[in-house]
Structures are given as C-alpha cells and as structure tokens.
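Input: one structure, supplied below.
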Amino acid sequence: NQRGADTERLLLTGSSTMAPLLTELAIAFENQRGQTRIDVQTGGSSRGITDVRRGLVDIGMVSRSLNDKEDDLQAHLIAQDGIGLILNTANPVVSLTDQQIVNIYTGAADNWQLFGGANEPITVVSKAEGRSTLDLFLAYFKLPVADLRAHIIIGDNEQGIKAVAGNAKAIGYVSIGAAEYSIRAGLPIKLIPVNGVQASTDSVSSGLFPLSRPLNLVTRVEAKPGQVSSTTAADFIRFAQSDKARALILRQYFVPPQG
Amino acid sequence: MTKSVAFGRKLQHTTPQDISLQSGPPAISIRNLGLSYGGHKVLKNINFEARAGKITALVGPSGCGKSSLLSVVNRLSDLQACKVEGEVFIAEDNILHSAVNVLKLRRRIGMVFQKPSPFPMSIRENLLFPLREYGVKGDQLEKTLEDNLRLVGLWDEVKTRLNDSALVLSGGQQQRLCFARCLSLNPKVLLLDEPCSALDPRSTQIIEALIWHLRESHTILMVTHNLAQARRLADDVAVCCLSDGVGSIVESGKTAQVFDFPAHPVTAEYLGFETAEVRSSD
Amino acid sequence: MTKSVAFGRKLQHTTPQDISLQSGPPAISIRNLGLSYGGHKVLKNINFEARAGKITALVGPSGCGKSSLLSVVNRLSDLQACKVEGEVFIAEDNILHSAVNVLKLRRRIGMVFQKPSPFPMSIRENLLFPLREYGVKGDQLEKTLEDNLRLVGLWDEVKTRLNDSALVLSGGQQQRLCFARCLSLNPKVLLLDEPCSALDPRSTQIIEALIWHLRESHTILMVTHNLAQARRLADDVAVCCLSDGVGSIVESGKTAQVFDFPAHPVTAEYLGFETAEVRSSD
Amino acid sequence: MYRHKVDIKFVGLLRLLVMLAACIVLLIFGFLLTEAWPFLFSEHGGQLFTDAVWHPTTGQYNLVPVILGTLYTTIGAVSVAVPFALATAIFCQFYAPRWFGRLYTSVMEVLAGIPSVVYGFWGLVVLVPLVASWQGSGASLLTGILVLSLMILPTGTLLAIAALKQVPSEWIQGSYALGLSRWATIKNIALPASGHGMLNALLLQSTRAIGETMAVLMVCGNSTLFPFGLFEPVRTLSANIALEMAYAMEMHRAALYSSALVLMVMVFILLFLNQFQNRLESTANGKS
Amino acid sequence: MMSKAMSQGDRIIQMGLCCPALIICGVFVWLLFDVVSQGISGLSWQFLTQLPADAGRAGGIVSIIVSTFIVLIIALLVALPIGLGTAIWLAEFADEDQTGMAVAVWVRRSLQLLAGVPSIVVGLFGYAVFCQLLGLGYSLLAGGLTLGCMILPLLIGSLEAGLRAVPCTYRINAVALGLSKFSVIRRILLPQAAPALLAGLILSIGRALAETAALLFTSGYVTRMPESVYDSGRVLSVHVFDLAMNVPGGDKNAYATALVLLLGLLLINSVLKKVVNIWAAREN
C-alpha cells in the first residue's frame, strides 16, 4: 500500500448514503491540492465509527448525530439530509397529520379510505432496524420500534422510491434530496408535508423542517498531532465545510449546513 | 445430421411413412449406396441384396466400412455426422426416405453391435425396460426375460444375479446379453456386427445354432471375420474390399459359389487367408 | 482396493522391490490363486505355469474368469474392487507382494485388451506419448513408430493419416494399434486378451505371425476363444472351466497332449466344440 | 501403493491444493464463530428461538420467522426452477435443433453473469408492481420466489445440460437401435445415467438460493413477522445481514453474525440430507 | 435433428418440453430487452473511455472496466490452480484408499458449504482476512482473492464431473502401459475434460462478474483508475449496485453499465470457446 512516498493518502469509510458525496468532494480536493489521494469506502455508519476508533482510518462518515456513548469521537457537520414522507401520485391523499402517520405506521389505520383516499389497504414502507433514518423517524414520532408494522422493509433510499413509485397504495419515507430528484425525473411520487411544513431541501436548509439528520465526518477527539495524514484530514474536513463544497453538496441532492 | 436422400422414381408406388410390419421377413436391397464421414469417403457404389429369410454374411478386411454399412440399414447413421447417398429398400420401402418412421423401422430391425454395450442398469432391466416401453406387461415380462436369456445360453450363468449391474459381466456375457435384448423385441431383420467375436466356442456354437434357428423367420445380415463361420452359416456372402481407401462390394452371391469359385481376384486373395497356416510361414 | 497378500516362506530368498529387468523372458508361475469381486468368488485354486519364451493359451467358456486372471498378472487387479489370494511368480519374484514396484512390473508386461481402446489422440501420439514418457527421444521415436506399425500390418493403412484421431479407426485397426502401442515399450511378457477377436482373417494372420515371431524372446500368455488358433500357435494350453459358478484350471499341459488326449472329461467336452457343425444340428 | 516419481510430487502438490480449498470454509466458520461469540455464548444465545420478535435494537432476537422465510424462498425457488431447468435441458439436448441448443446455452451463459442487483432491480421495477396490482403489496414471498428462481435458472440449466452431455453415446445409440423413442431413451438411460450430476447441480443451486442476498432483499418485503402466505412479505437470513449489518453495533452485530452461522448450519443440514438420500439410492439400485 | 424420428408420444413430449423452454425464453427476453433498451442509449464510445464523474451519473466507466478485469484475472489466477488441483485429486486420487475417500467426502461437503455462504458474509470474511489480517487494505488483490474463494465450488464441481465422465478404459490402458498418472491426466484426461473445463470456467466467470456484496467490502468503492493491484477499485457490479440503489438519477448509467457487463461476458465467453476449440483441435 506504500507507493509514492510523496503522495499523501487519506482513507474514509462509513455511511453508504454519504459515499457518493464524499467521492466527489475527494476528487475536488485532490484536484486542488495535488499529491493527495483520498479513497472513499462504504460499509455503513457503524463501520465508520468502528474504523475511526480502531485507528484504521482517519475520517469516518456517519449519517446521524453521535450519541452519548460516542463521546470519544468528534463530529464535523458537512451537510443536512431531510427525510420526507412520500406517496404515489395516484394517491389522492395530499397531507397527513403526525397522528395519522403514527396510526399508519403502527397499523392502527390500514386503509386509505380513512384519509380520503380510495378504498385500498395501505402498504407501509419502512427502513431496516438500526439504520439512522429509521432512528430519526422513530424519534420524531416518538414511536417504540416494537410498535412499527411495516409491510416492506427497505435498505437504501432508491429502493424506497421505487417501491412507492411502483405501488399506488404505498407510503414511505426517504431522503428529500433523492425524492426531489426523482420527482423532477418524472417518477410518480410526491412528498407530503410533515407537521404542516413543506418537505423540500429549502425547508431543510432553513432549519424549519423537523425531520432532518446531520451528515457528519467523524474523527477521534485526541487525534495524534504531527501526523501528516491528520493535517491532511483536517484540511480535507475544512474543505468539505467550505463554500467551495456547497455546490458539490447541492449537486448530490443534500443540503449544505446553514451559516 | 444432414442427409441427402434420393427421391427416385421407384418411390412412387409406396407411402414410406407406413413401413408395414407384415408377418414375413423382408428382403433388403441396397442400391448405389455411398457413405462419407465429413468429406472422407468410406463406401461407394454398394449394390447387393440380402434375400428374405436368408443369412447373408458380409466379409471383408478391417476398416472397409462393414459396420458403417450396417448402421445405414437401420438409420443409426442419422446419429453420426455422415452423409449417405443412394437407396436402401426393405421390402418395398426406401428407408432412407426422410419421411420414414425410423422408430418403427428400428423396432423391426434388431442390431447387435461389435463392441457390446449393455445399459448401466441391472441385467433384468436391460431386457425388461425396452419391453415395458413397448407395452409388454406382467408375467409376460418375466417369461420373455427367461426365454431370451436361455436362447443365448446366459440364463444359467446369471439367473442368480439378475439384479446385479450388467456392466460387470464378462465381455462374452455382455455380448450375449445384448443379443438377447435385441431378440426380445421380435425384430424381423437382424443386423449382426460380429456377434461371436467376444465368444468362446461353446457360446459361439449356441449363438450360431440360434442364428441358424432364426433363419427363415428373419432376414439376417451379419458381419463376420470368421470365414469358416460364414461358410457354415451363410446362404449368401458379400465381400467388401478397399480400393483406394474406399470400400465397395467386389463380389456377392451364393456362399459356395463365392468361396469355391471366386470371380474376382481380390476375393480370391482375401478368402485365401482362410486356410493359411501360420507356423509354416515361420 | 484392498488386497491381501500371502507372505509365504518362498519369499525369503528375494527382495521383491527389485523386479529385475533381466534380458531373457521370465517364466510365470501361478500358485493357489483365488479371486473374488466383493464376496462373489470368480476364481479359485488356480495353479499353472507359463514357460519362459513359450506361448501359453488360456481357453475356456465365456465368463469363467480368464480376463480377470490376466489382470492379476500385471496387477491391474489393483484397480478393481477385487480380492486376490495366492502367489504369482514372475521369474523369482512374487509380484503380488505389496512392496513390488508395480510400475516397473507393468512396463515389463505388455497387455492387449479384449475391447480395443486407443487413447483419444492422434494415431501417432498414441504410440509416441508412452515412449516419450519412458524417455525415448528424437529420431528414435519416428523409427519406433514406423517399425511397430509395420509389425502389426497397420503402416500402409494409416501412414497418410498419422495425425488423425485414433478413435475413428475401425475396430480391427484400433486393436492392431493397441498391439503396436504395447510392443513399442519392449515388454518381456505379453498378456493378450483375445488379440484377434476384432480382426479379419488377413489381419489375424499378420498378428498370428507376429505372435509366433515374438515367441522365444517373450513369454506370452494369451486368452483365445479360437481353439484352432490355440492349436496353431500355443506351446501349452490351460483350460479354465466353471464349476459351481467359480472358475478353475481343470487341465494344462502341452498343446498336442491336451487337445488330442484330454485327461479331464470337462476339457474333452469343451474342446469337442471345435469341430462341431452347426447346420447338422438343425 | 507404488507411484511414479513424478506422481509422488504431483500428489503432494494436489494434496496441498485440496487442503487450501477445504480450509477456506473452516476459516470462514472460525471468523463467524469469533464474531458471533459474544452473542451466541452468552445469556442471549437462546433468545434466537425464544424471543417474541426480531427487534435487535431493543434486545429481542427471534430469528425463527427469518429462518422460515429463508426456507420458504429457497424451497419455492428450487421447486420452480428445477422443472424448468430440467425440461429445457432435455429439450435442448434431445429435441431441439442443434443451433437452438447452442444458442440457448450461450444465452444462459450470459444470463448467469447478470449481477443479482440487476435481477433484483428488474424484480422491483417490473415484478413487484405486477404482483401488487394483483394482490397485496407486491413485495412478497411470491415475488422473491420468482426472482430467485430466475436467478438460479441459468446456472441450473447449464449444469443440467452438462450432465446430460456426459452420458456415453454408446448407450444412447444402443437405445435408439432398439427402436426406442427419445422419451424412453431419456427416461431410462439419459436421466438415470446423469442423475449424479443432476443432483449435484440441484444442490449447488439450492445452496446458492439459500445464500442469495441482493435480489431477495429488493423484492421480498423483508418484514420480520411470521410469513403466512404467498403474498406476505418475508425476510431471509442473508437479507437480514445485508440490511442491518451496516448500522449494527455490539450485540446486534454479534447477533447478525450468529444468524450467518445459523445459515451455514442450514446448508450443512441440507448437505447431510443429500448424502443420506444418496446412500438410500445406492442401496436401492444395488450398485457397488 | 431428424424430426421424422419421433413417435406420437415423443411429439407430445417435445411440445411439453418446448413450452417451458419458450416461457423461460420469454421471461429472459423480457429482462434482457429491459436491460438492453434502457442501457443502449447510455452506451457510447465516451462511456467506455472516460472516467466516471458526478458520482457515476456522468462520464464513463473506463476505470471500472479496468478494475473489473484485474479482479477477474486475479480471481482466476487463484481459483484455477486450486480448483484444478482439487478436482483432479477428487476425481483421480481420492478413491485410492479408505482415508482418501473419507477425506474426499469432507472436502466435497466443505466446498458445497462454501457455495452456500452468502456473498455478503464472504465479503466480511474477505475484509477481515485479506484486508486486515494480511494487511492488503481495500485493494484489487484482496477483492480478487475473495472472489477466488467464491467461485471455487462451482469451478471444482464442474471440473470433477468432467474428469469423471472420461471413460475408464483410458485409465486402465494407461496403467497397463505403466504410465505415470501425471502424464495420463495431462495428455488424456484433461483434453477429454476440456469441454467441461470450459463450461465450468464460463460459469465461474459469470458468477464472478455478477458478484457485488463481497467486492464492495474488499476491492472497494473507489472509482479512480487503479495503478496497481494494491489500489482500491470499483468493479462493474458494484457500480451498478451503487448507481441503482444509492445515487438518485443513476438508473440510466446503471443500465448502461449492466449492458457493458453482459457484452463483456459475451465477448469473454466466445473468446474462451474459440481458444479451447483451437487447443482441442491441436491436441487431437
């Protein structure tokens, strides 16, 4: 692995949601700096945390905020991702209250008729357990995970979008950026407001949208000083948080942090 | 697989699909037959007749195309990458016609191969499964099994192990088993490719007696290297010889005629080996 | 695969690993040999001697275990699931001893099988590939090729297509090729399992002359169903017969002795088939 | 056993290679064991079968619905794929014109190389809505079975064709010479003679179906509730791992590795069953 | 073949067998049509020769093709010798004695077990052993090694079947000539088993190219042009997966990449067949 002694190397692992964004950031950074090589690998947020802790990588990608048990790590926010509820465009329902959503997701309400839709059973699409999107969703609606009654459990955003696009009876929650892109691309899905707030990247960036999660780069708190890589790492994090990165973040349908 | 067929005028008087299973044994008449394997010509200008209910022996040096000739008569040649020309009439039908029902044809024509190859199943099943396919049932099966094994002199040797695999039988036993299998289907024509080559004299005698016994009711075309056997059994003899690497029938006719007064010098030379003494040549 | 070996007293005077490749052909002496396939006894109490430099013919009905017996002599029986008892001495060595170098042994003992089976390669390679294995090189190869093909009378038939696959040869050609392949390694002992069964009279005569020619310099043990052939060629004859389903040697000795004055009624009966006439039995 | 000089070295080398090949599974097993250890061999171990549900984040680890899901999809996919694979293999080998057989084989060879994501993707975009328009949510056991059987079909067909090709032509010719129809030849000679190869193909495809991840994940619905019908969503063991491994921590993670072990044990049981059946068969045939 | 060689029953069965074949054909034509029709628009010379851009939505896949090729070669370099050796041992040497037979049973069982390990588990295993234990990191080498492990069962299965199908008479004849097993295997058995070898190879290559999960964890996610086997590189199937599941708007290029994968496979298969044909012709 030790070729090109004059080339600085940086390895990032973690969230697959963030990986495409970081790949683009890395290319831009490399072009700017020269003599630097940044490899982005996926494996999930927990892989990012574990690898940083073990010192295997310099930076981890984590698509949620750090919890109490992770105070040995330091989070660097680079973007926001909103989570919006989506329906098929064939569904006449245009909005749902928080309580109605809770009822749907706990199985208490199982027909669209109850909400002014057609007389059809509801197909509930949810995320797999442990995923940060699900945690965020549950936390906002104050739902215990055991109460969830989902028909389809998905992994990644695109799967959720395709599941809802292909099924007029479905409801799901996915990354707003991805949903907006798909809507523009003509897929038959629509975002519905949450708690009266329109689900859009704008409302996320303005901080109004209640359901949003941070996309963090994570490093160890006591990163050893004097390491070449760590200064490079610091430079890269600074680059990712700079204005130059904003356009790239927007291009990947995420929301740059305000301020 | 490709196959060129002569649509001769002779065909017009018959519907070849209906190879009839008449009771009597049919005559086989081969006309202008040629055969080549992928461009390499093996047989040409074959013309001869195997009379109905008689034994015709086909003799000739190794590699002259006798086995290939036999395989044309029951259309097994279809399975090889070979090209066949000419006509083969069985009774009145040109069996090389593409509309011939080859299954019926092959059922009517039994064949025993030069290299015996029993199926990979028990001795009993080797005989019974073709019968069952033809709808024979119940007691009839067991009876046919025993009868045919007795006919070829195998019954006493294998009766205690009918359920053993046929593949462990000795060479001669395998050949006799194949003969029995072929007979169990009651064919009207028999193609025998050196049926006694793997056999000891006792079995040879049993098989020869059997062949003799099957005369009259069957038309038999047999390849043999054993000229004494040909003389003993055959009514007619056809001598196949190589010239320029291609086989052809140089002479055919009544056995005694061909053996005692060969018309062709090649035949004379070939038949001359019958009596040659080895030690004296040393 | 398992193999029981008699560690007899006789062994003590020899180190069996070193089967010597002395110049002269060795004698083969078989003592108290028994053989069974998975509990099914096939041979028992086999005792006879094949004299050095002589031709010994092994005759007997189909299935009596002749091929099995031959396979013991070059330890091919090792490959089968069979159990062998007794002793087989070649020159002074009991070759059934487990410490015997079977590779040297097999090189010294050539074998031609009942079913000819050339390797799936060109005619040329069929002969040259074993030679190369034994370290023969260069011009010597081509010379051996031609010599041996000539010996079996195949040269003229195949010289133009030495690079064709050996598998498309006719049955008889294949057998002669196998004979040539076996000879090319210069064995001292020859085991021939019906070497002429697939051959026409002309080739038979060539092979018989060859066998006769190889006498003196080789010890030859041949299985044959052709009693006339045995009489023509063999110095000694051993007659193998079945009793109660198990094969054993009922009589052995000088050819003329056995044929003309058979000591055993079974032999007499068996040899009686030599002259039997089929038609007369009809 | 006496050996040629070359052979002694050759066999030595072969033994080495065999050991290498056989070791991989042991290594994987060891790896899984160490990762699963904290869960499997603690008070949690039994929970895999006694808990009410699979809610790993709240410490509930019932794997039974997932195991059932795996069994259902596998059995379903194999029983759909096998008749089709067998029928097409026989058709190609004995009935179809040669060019068709050759073309079909080539197409199958290409299909065998389609990434499972593509099958999953196609299932998600085409099959799921199709089934949904009929009944339920579309993402269901049925869709899973269909996609999975499509996935294992190409390889299965190819292996079946290969097994049929290996039947010696003497036997086929011998059968034709008796005037037997093709079907009689196939039924009595070709199929029995290629039985071993067929069984091997079946086994290989079953294990493949058990282990398949991506395609199943995309079309099965992945609910961890007990599956009660063809139109109900199911989750398989491998999908379970793929869905949750990326975010799982500590005990949850170890539980997932334990589920991988469970999967391997299932495959192992399958292999034992197969061997048992082999033994039955060989005694029935009376072959040595 | 010869349609006239059929009985009435045969014809019915032919019809009966024809139906499943046609159904399967239909379904696969549907699937292939989808892939081809959606992928063809994205296919262009630029697509094959440019580096990916904008997370794969734009640009081409040249680096990904190169990475795939390298991983495949490494996997075959690892799996072929081991697979061939194991298959030869299983088919030719295992039955020689009791221990051999017992060992063979377990070897076969372990290989079948290996075939059943989910690819994601193999991926995690490959990461733990090759990337971490052996210190290869995310690299094409680690990916190739992992993939090698994955295709081993398929390869060995078809090779062993091919070797076993070679008639026994060849072996007996060779033994009677006192030839070494090595040369018999090299000169007779392997050429005879060549078609089976080829079939196994083609199957394995297909399987290898289709593999996603195992490679995501070992050869990695990096889209840069690899400079050595120690570099991380993304393979085609991972690219398809990422574009389809993780990148909004990646569908079009996902299809195009899948199409490239299929065409590549077709190319490799036909080249292999040609090579084996030529080789077999030379051997005979």
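Here the chain labels run A, B, C, D and E in written order, and each chain numbers its own residues starting at 1.
Convention: a residue touches a chain if its C-beta (ideal position, glycine included) is under 8 Å from a C-beta of that chain, and two chains touch if they have at least 3 such contacts.
Just so it is clear, the model here is predicted, and its values are computed rather than measured.
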* Asked: Can you tell me the least number of steps between chain A and chain D, where a step is a move to a chain it touches?
  -> 1
* To do: Skim through the chains and flag the pair connected by the most C-beta pairs in contact.
  => D-E
* **Distance from the mean Cα position of chain B to that of chain A, given in whole angstrom** => 80
* Give, as an integer number of Å, the spacing between the C-alpha centres of chain D and chain C. => 51
* Structure fact -> Chain centres from averaged Cα atoms put chain D and chain E apart, in whole Å, by 16
* Structure fact -> dist(centroid_CA(chain B), centroid_CA(chain E)) in Å evaluates to 48
* To do: Please list all residues of chain A that touch 2 or more other chains.
  => 16, 42-43, 155, 159
* Structure fact -> Multi-partner residues in chain E (2 or more other chains touched) are 1, 5-7, 10, 96-97, 167, 179-180, 183, 244-245
* Structure fact -> chain D residues touching 2+ other chains are 3-4, 98, 168, 181, 242, 245, 288
* Under the touch definition given earlier, write down the residues of chain B that touch chain D in their complex. => 1, 74, 76, 79, 103-111, 113, 115, 117, 119-122, 129-130, 133, 163-165, 178, 181-182, 185
* Within the complex, which stretch of chain A touches chain D? -> 16, 42-47, 49, 123, 128-132, 144-146, 150-155, 159, 162-163, 166-167, 169-170
* What residues of chain D sit close enough to touch chain B in their complex? -> 98, 168-181, 184, 188-189, 192-193, 285-288
* Structure fact -> The chain D residues in contact with chain A across the complex are 53-58, 60, 124-125, 128-129, 132, 136-139, 217-218, 221-224, 233, 235, 242-249, 252-253
* Tell me, which parts of chain E touch chain D in their complex? -> 1, 5-7, 9-10, 13-14, 16-18, 20-21, 23-25, 27-28, 30-32, 34-35, 81-86, 88-90, 93, 96-97, 103, 105-107, 109-122, 124-125, 128-129, 149, 152-154, 156-158, 161-162, 165, 167, 179-183, 195-196, 199, 202-203, 205-207, 209-213, 236-237, 240-241, 244-245, 254, 258, 261-262, 265-266, 269-270
